[in-house]
Amino acid sequence: MADKILQVENLVVGYGGRPVLTDINVHVNDNEVLCLIGHNGAGKSTLLKSIFGLVPHEGGRILFNGKEAVTEPRAMTMAGMSMVPEGRGVFPGMTVEETMSLGMWAAGVPEKERAERIDWVMSILPMMKKFYQTRAGNLSGGQQQMVSIGRALLSRPRCLLMDEPSIGLAPKLFQDLCGPIRELQQTTGMSILLVEQNVKEALKISDRVVVMKSGQMTWEGQPSELSDNKKLMELY
Amino acid sequence: NDIEIGAVFPLSGPNATYGDIFMSGADLAAKHANDDGMLSGDLKILYEDSQALPQQGVVAMNKLVNVEGVPYVLSAFTGVSKAISTLAQRSRTVAVNGGGVGPDLAELGEYFWNVIPLANNEVGALAAYAVNDLGHKRFTLVYVDDPLGESILNELEKTLPSLGAELVESHSIAASAQQFSGVAARVRSNNPDVVYVASYGSQQLQIVKQLRDNGVKAQIASYSAFSVPGIQQQEEAQGALFTTQSIDWDSEDPVTKRFVDDYQAMHGKNPTSYIANYYNAVRVFALLAQVLEEQDKEITGANLLAQRKATDTFELVGGEVSFQENGTLLAPIQVLEVDGSGSGKTVFVKATE
Amino acid sequence: MTAYILNLLVLISVYAILSTTLNFIIGYAGIFSLAHAVFFGIGGYTAALVAMNVTPEFFVAIPIAMAAAAVTSLLLALPALRVRGEYFVAASLGLQVLAVTLFSEWKSFTGGLGGVIGIPAVELFGFPVYKPWQFLLMSLICLVIIIAITRTLVHTSFGRSLKAIRDSESAALASGKNITVIKTLSVVMSSALAAVAGALYAFYMSFINVESFMLDTSVLVMAMVIIGGTATILGPLLGAALLMLMPSALTYLTFLPQTEIGSIQQIVYGLAMVLLMIFRPGGIVSSHPGGGK
Amino acid sequence: MNEQLNTAQETVKPAPGSGFTGSTDDQDVLLEISNLSKNFGGLQAINDVSLNLRAGIVTTLVGPNGAGKTTLFNMITGHIQPSEGDVRWQGESVIGKAPWKTARVGIARTFQDLRLFTHMTVEENILTVMEPGSWLWQPGGKFRKNRRYEKVSRILERTGLADKRHTRALDLAYAERKFLSLARIMATDSRLWLLDEPASGLDPNSYNLFLQLLREEVREGITVCIIEHNLDIVVNISDRIAFLDQGKLLADGEPTTILNDPALAAIYFGER
Amino acid sequence: MLFLQLLANGLQVGAIYALTAAGFSLIFGSTKIFHFAHGATFAIAAYLFHFALAGMGLHWTFAVAVAAISAVVFGVLLDRFMYAPIQRHEGSFFTVFVASFGIGIVVQNLLGSLFGRGFMSVATPLSNSVEVMPGLYLSPLNGLAIVCAIICFAALHFFLTRTFVGKALRALSENPELVRMFGLSPRRLSTYAFALGSLLVVPGAIFTAAGTGINPAVGHHVMLISLAATIVGGIGSLRGAACAGLMIGVAENLAMWKLGTQWSEAITFAILFFFIIFKPSGFFGRATVS
């Protein structure tokens, strides 16, 4: 097995004194898709946020590429991580095009590569061409989700955090997304930490599964082991 | 055993300059009174800030009357004076105005006195001089639309025709306005001989500057509000005419002489009529209180009032003066010209009618 | 001394009425009005006019003043229905400035900058009330009644509807709330009650002029609400007391240089506002921990 | 009303989702959408859609993103005015009515982005929708008041929010918010519910609870129209599926037929 | 002719308003901070310019530099040490407003105590107007103000469009949390906004100091106008703010053609009021009618 690109050790996070994550240990290997599932309020989003530096962690440490990371969004982005937030990751007032270019500027993509990156994303998400010039605020929920994912991919991250990308997406659309993402991941050797409620689809593209329950890791294993619903339900 | 009187002056805000000026006069008078030992105790003045706003004025007045229990309060500014007049009347405290010149200040009850001739007298004097001596015919008025401004407007409309001159146009401006290039343009467009500026505070300086900047060459005229250093030093204002009650600064009468000398000694510049007015305001109290003490009556507002009515003339800066029945000082008016000297050069004196 | 305290207390109670009524639309309806002084003024002028030309009877002057304010407040309801947030703030600001100009120009009604002098003392069933403590009693009673009114308003379904509209208009609509009526009603209520404060003020000072009803007053009242704590009963009262007492308290710092005392007072006053907001963003009485909404 | 309720109940006897055929034509139509169209500038969001919502059954509205489902809801509730067409509630048109009037005839809805009354407590959130005429005192005095409070407690019990009664909506966790928005319309006595993706992002436990609630309500005679992307839910709850794509109504019929239609699978369901 | 004169004056005043308004619009539009102390910045710049020129006798270029630096520093300091802490406590729109207003009071009185409460103006021949054609007097300042405004806007436009800062600021105005998600720092961006916005008051302040003259309360009126212009122009739209500012300046002066000056402010705000009621979105901005 390849070495670990992301390691989370004894992570402790809370909101205003109220602990949400208590002693989390999890790692993501190079070139793998790790699927993280758990009941609502388990702390999945919180975990992703604290990895990306949006929420400070009170204890434990986070290693990226083997060295301790300064968990602060800008630093993480530069280090080659990007995140698809829960909900709608777009600016209602900006056209898709603007969102994309802003995203690339923020991620420090060099001037000349930008056009080519856009084309590349378009090839993954062909639907986006249709509403490339529309203001994101007028897009349907799913269209917005696409933009959000597209933007995260622009910086060609080595590690991608995705928080429930399937919310509000048509099933077919999500499947169509999964294909390219998986492909992309295998070709570029990117690794993905995927949080999903839509377990059936998520498992299809993941190499490994961890289950989280009220702020702790409770189970780890192969997707195949969760194929039957009974097992799944008892884990929840 | 101090003897305390109060003062409600603007000590902050856009009109605070006046507060400083008034104070210098009042303090000097208190000093003199104490040096001469006119009173049994030390005469002290308690200052309160009115920001030249009615409500603050009333709060301050309340403090002076109810907490300090002073019998005599120096007041300034028409709005504030009006606001505190009711309280003065109810609490039988004498309020004395030496700054505001709105004519309606004469009708604020018998506990409200003015040691300053009011605007209507001033306008008459200036108009007379400008028309008869300088031969100006066409007047324009730029006035803040407050009681003072209006009274000046009325006064001009009344007096000018009788002198054979006319008020060509009058521009009323908001008290807060600072932009006068437009007014200047209009003034210029009906080119008058005289522009009468009826404003106060920093605004009047702005008006003068912008009138001149925008090519208004006409003679500028105003009332006693011009007797502030700001105007006296401003070069755009040089040559402007203004009126104050007539004080012959180099007269030999001892009160005036002492006042002028000590003031110059203390501040290194010539006093203005405002300073004289508040000097007088305090001096009036000292004189009245002195008498009351001799008759060992208590120094209360009521007694002061009675004593004032009993006294027919007072030895004040500027000579012998007397109060009218309505508590307003009668004094001759003089027309001065701004010449940078600090107090202005007297060009004409109009005796009291 | 007592008289001085009484005087301050009267002014505080008047401003407490203002802040309470403003809090009603700010805290519960989310209508951030910078035009409250307008209705304060209309109340004052109307009461003065009635007192001088008809009768200084409390139960005549006050209702008329309230009615006048209520009618004019429809002008404020108009933008309140069309826009939210900073747009409404600006609209109310516009109204405030317009009103100030009208107050200073419409001399027959307001006496302009000169103001209205010699307003007779208010009468309760023919008995004139002017002694400070009597007046204080009267204004306190008014305050209590008004607090009671606003309290009942916000603790019944009306208040819930207001809050619902504040949080999400479209959802409120979808659950059958007639936004137009509710919003208009709340604006009219708060303005009419503010007019009571105006009338009391006019009677107490027996002199009013436009300078008491300018933007600064609106902002001051706003500050009272915010500093005290929005959407609370006690907050606006504390805010009013604090902001009214502070300047008077500062006048006792006699060691300050005479010529600078005014400025220093103002500076301290301003700094206090800033520090309070930095360290107590939710107001002294915070309706919920974690600061303002 | 009563009589309708009965018919509703007996027609729903066989548990919803058990391949029940909801399209026998003798059923009475609650809401009738005819030739509805809407375009935003150039974009034709809804294009000549005609659809009937029959009483007492669950009609699921599916379709790709941007198909116009939410827009359709917005036009029914009057949040958006249609360009053409009409919507009739029991024969009477609701087009041009203010949203609050439409709500009062008995059409309740949830929003894709919940739109809770964030700064109000859970209890207040529910109480306030039970007081449409928002006057000072609700009719019926103490008695009715207690009834209302009882109803709130009952609803909170069923939606599992009982212990959050006095927390502000914005302090709730994701799932709890979803349930609150559901509770909010359970409290209205509306006969038609329009649910916009009510179960998206819910974990299996939560959405089982959700399905159970919905079944109970339908059994009570509530008519539901639900937008959902989660196929498990679509399969489990639908009595009837209407398929919308690019503003057009492509298909409208029994779940089995729709779900197995290869053409639709190609554009929406994907392989299952 | 009078009309032309008033128009000319209007354009000069308008140019100054436009700049100040653009500054406020930039700050408010992107950070959503109701920066009422913008007027204070204006006053500070004006006074320090006057002080550097008349008080310390510096060359005017240095005086301008002093004014510019002081304005920027003041703006950024406020953002860092006043607004930032308040916003950390999810401070509401009006919490910020009250604090900002408080600072305004402090500055006004400080300036009064330090530099005197009276009226001051920079003595310069530039403000003396000459008769360019019968009845039309123009001062060099008229021209300068307008030219300067045009240059500033050109520069600003260039900066905001060429660099991505403009886009980033717009993004900030819509969703700061998401801006962080993109890997940008909202703090840094708002510092940009404040620096730029404060810088924009400097020309206005200087021309006021030289033209109409200044007193400690000078910022107040300008602030109100900026606010009005920002709304009329549409929040977040610099073009709008600029146009609105210019329009207001002209309207104010043309009002004098028929009415007394005491009406000019009222007219400005009447415009504002009706704009909000009938076209809340302003010239170019977007409506936020919920």
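Per-chain numbering from 1; labels A, B, C, D and E assigned in written order.
Convention: a contact is a pair of C-beta atoms (placed from the backbone, for glycine too) under 8 Å apart; a residue touches a chain by one contact, two chains touch by 3 or more.
Source: prediction; values computed, not measured.
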Any chain that touches chain D and chain A: none
Mutual neighbours - chains that touch chain C and chain E alike: B
Distance-maximising chain from chain C - centres being C-alpha averages: A
Contact pairs, highest-scoring chain pair: C-E
Chain B and chain E: spacing of chain centres that average the CA atoms, whole Å: 38
Chain A and chain C, separation of their C-alpha mean positions in angstrom: 52
Intercentroid distance (Cα basis), chain B paired with chain A, Å: 77
Sequence positions of chain E contacting 2 or more other chains: 109, 112, 117, 262, 265
Per-residue overlap in chain D, given as positions that touch at least 2 other chains: none
For chain C, residues contacting two or more additional chains: 101, 104-105, 170, 262-263, 266, 293
Inter-chain touch pairs (all): A-D, A-E, B-C, B-E, C-D, C-E
Residues of chain A that touch chain D when the two form their complex: 38-41, 131, 138-143, 145-146, 164, 167-173, 175-176, 197-199, 232-233, 236
Touching residues on chain D, where the partner in the complex is chain A: 40, 63-67, 70, 112, 173-176, 197, 200-206, 229-231, 265-272
Residue numbers on chain E that touch chain A, as the complex places them: 164, 167-168, 170-171, 173-175, 177-178, 180-185, 286
Of all residues in chain E, those that touch chain B in their complex: 1-2, 5-6, 9, 12-13, 109, 112, 116-119, 121, 123, 127-131, 135, 137, 139, 211-213, 215-218, 221, 252-253, 256, 260-262, 264-265
Of all residues in chain B, those that touch chain C in their complex: 10-13, 16, 19-20, 23, 47-49, 51, 53-56, 58-60, 62-63, 65-67, 78-79, 82-83, 85-86, 90, 102, 104, 108, 144-147, 150, 174-175
